[in-house]
Amino acid sequence: MLMNKRTISIEFGHCDPSGIVYNPHYFIWFDSSVHALLASGGVTLKALMSEFGIDGIPVVDYKCKFFAPARWGDELLFETGIVGLHRCAFDIQHRIFNGGVLAVDCAETRVCTAVDPQQGRVGAHPLPEKLVEIFSRP
Amino acid sequence: MLMNKRTISIEFGHCDPSGIVYNPHYFIWFDSSVHALLASGGVTLKALMSEFGIDGIPVVDYKCKFFAPARWGDELLFETGIVGLHRCAFDIQHRIFNGGVLAVDCAETRVCTAVDPQQGRVGAHPLPEKLVEIFSRP
Amino acid sequence: MLMNKRTISIEFGHCDPSGIVYNPHYFIWFDSSVHALLASGGVTLKALMSEFGIDGIPVVDYKCKFFAPARWGDELLFETGIVGLHRCAFDIQHRIFNGGVLAVDCAETRVCTAVDPQQGRVGAHPLPEKLVEIFSRP
Amino acid sequence: MLMNKRTISIEFGHCDPSGIVYNPHYFIWFDSSVHALLASGGVTLKALMSEFGIDGIPVVDYKCKFFAPARWGDELLFETGIVGLHRCAFDIQHRIFNGGVLAVDCAETRVCTAVDPQQGRVGAHPLPEKLVEIFSRP
């Protein structure tokens, strides 16, 4: 299934008084990595929203393990890939390598949402076929 | 003119590897202090948006001086007040005291924007009278 | 075991273009809630660091479920408590209620670290007895 | 004097409910642009700290004008250059272009600090000659 790699350089401002990455930054990078994954498949959330009436793809579940800290000046390699497809949701795995060593492993599930025309409320919505096709690419 | 005070406690996660507040946080607090100032006057940006068709009150100018750093555990006193009213804009002053000493002094100008019904574009919009009245209170 | 409650008001700047809280903010609040939990027990990480030579209490595991989004203007109630004590680690549960409804449930594990005097490296360190005593309070 | 260019892509998570960049992000980018400027001159703050005993290069002054907002999906061009050198401080100018149009103009002054060996306190410190030489390059 679709997978993408990118690197993030750890800046001064990413780190806390202990000199290591302040962990909420990882969740910003998980989010931007999902957007980068979409882009690697030739689509954007913006396009999904306007083309299919999708309201968003909010995260409903994170399972994240931190094995080693990252420090100012480190270069992190992010491997972000689709690992599961459901009717209205999809599973992502982020693996972050620091100097070749697995530093963070995060399983993330996002759900596709749209406004239900009958109820007028936002709820789960089947993944657009186009997105399923993109996510299924080897 | 309208003025409001509040305190912010410096958390671990606000600080950088030098152990002092990472300065972009001040701009987050300037923003939330403007929202707190509105609230102290009995109004919210949300209400301004829905009641007067305001699109937003974006910052167009900051002049900010840092006299002393703040550290993890410090309690900062913010004094945020209106110091100037213009047709479509208003001037704010933020003074931050740390242990009774002026640590940061920031002059901020925001403009009131709305969609121009003729041009269909967002542009400067006169301050709603209600807002002028609130900002003018002693 | 030790538990603490606090509220967070959702500000304009916490929200993304979908109008809901941008989820990395939750991890900032989990962190500050752990610091608030320590404070409720009469101790600070700073004091633990200077008194016991602790290097930090980094997160090693998050399991976080999001049941409902939060929006600008919402008041979130955080319940943060200790739910497990290990030799060098402790388990925390954060439950966030929005309008009385459980919106987020997060299990977090942190490890206590210190510099190993023999190896000169940071590694897991037994929880100081004082911390165990504080965390064990009903 | 030394100047560097780089681009920043505006992500979903950089934007607020108005759909434009939440302005504290600019100050994060100003900071990382200064670090990128140093790197373009072949030096890092980390190296300055260890080689010359510098404690940091905190910002003491920002004068920032916002002429146009940036939106999700925009590509911003940052031009960051040294525009003034003083005994213990230096002036930086950031100009941000969005689609070829000047969107933000920020003047920033940073001071070089170090621990005064006699007083044991952090204070202003003359710029290392190496840094002056790097900043003076055409």
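As written, the chain order gives the labels A, B, C and D, with residue 1 at the start of each chain.
Throughout what follows, a contact is a pair of C-beta atoms (placed from the backbone, for glycine too) under 8 Å apart; a residue touches a chain by one contact, two chains touch by 3 or more.
Predicted model only: the values in this text are computed from it and were never measured.
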Request  = Fit chain A onto chain B over the CA trace and report the rotation angle, somewhere between 0 and 180 degrees, nearest 5.
outcome  = 180
Inquiry  = Suppose chain centres are the mean of their C-alpha atoms. Which chain sits farthest from chain D?
reply    = C
Request  = Between chain B and chain D, two touching copies, which fits better, same or different residues at the interface, with half of the numbers shared as the threshold?
outcome  = same
Approximate Å spacing (C-alpha centroids) for the pair chain A, chain B = 33
Inquiry  = Need the CA-centroid distance for the pair chain A / chain C, whole Å please.
reply    = 23
Inquiry  = Need the CA-centroid distance for the pair chain A / chain D, whole Å please.
reply    = 29
Ask   = At which residue positions does chain B touch at least two other chains?
value = 12-13, 22, 24, 28, 31, 72
Note = Among line, ring, star, complete and other, the chain touch graph is complete
Query = Can you name the residues of chain D that touch chain A in the complex?
reply = 11-13, 28, 31-32, 35, 44-46, 72-73
Note = So, in the complex, the side of chain B touching chain D is made of residues 18, 20, 22-28, 31, 55-56, 58-67, 69
Note = Touching chain D in the complex, chain C uses residues 12-13, 15-17, 19, 22, 24, 72
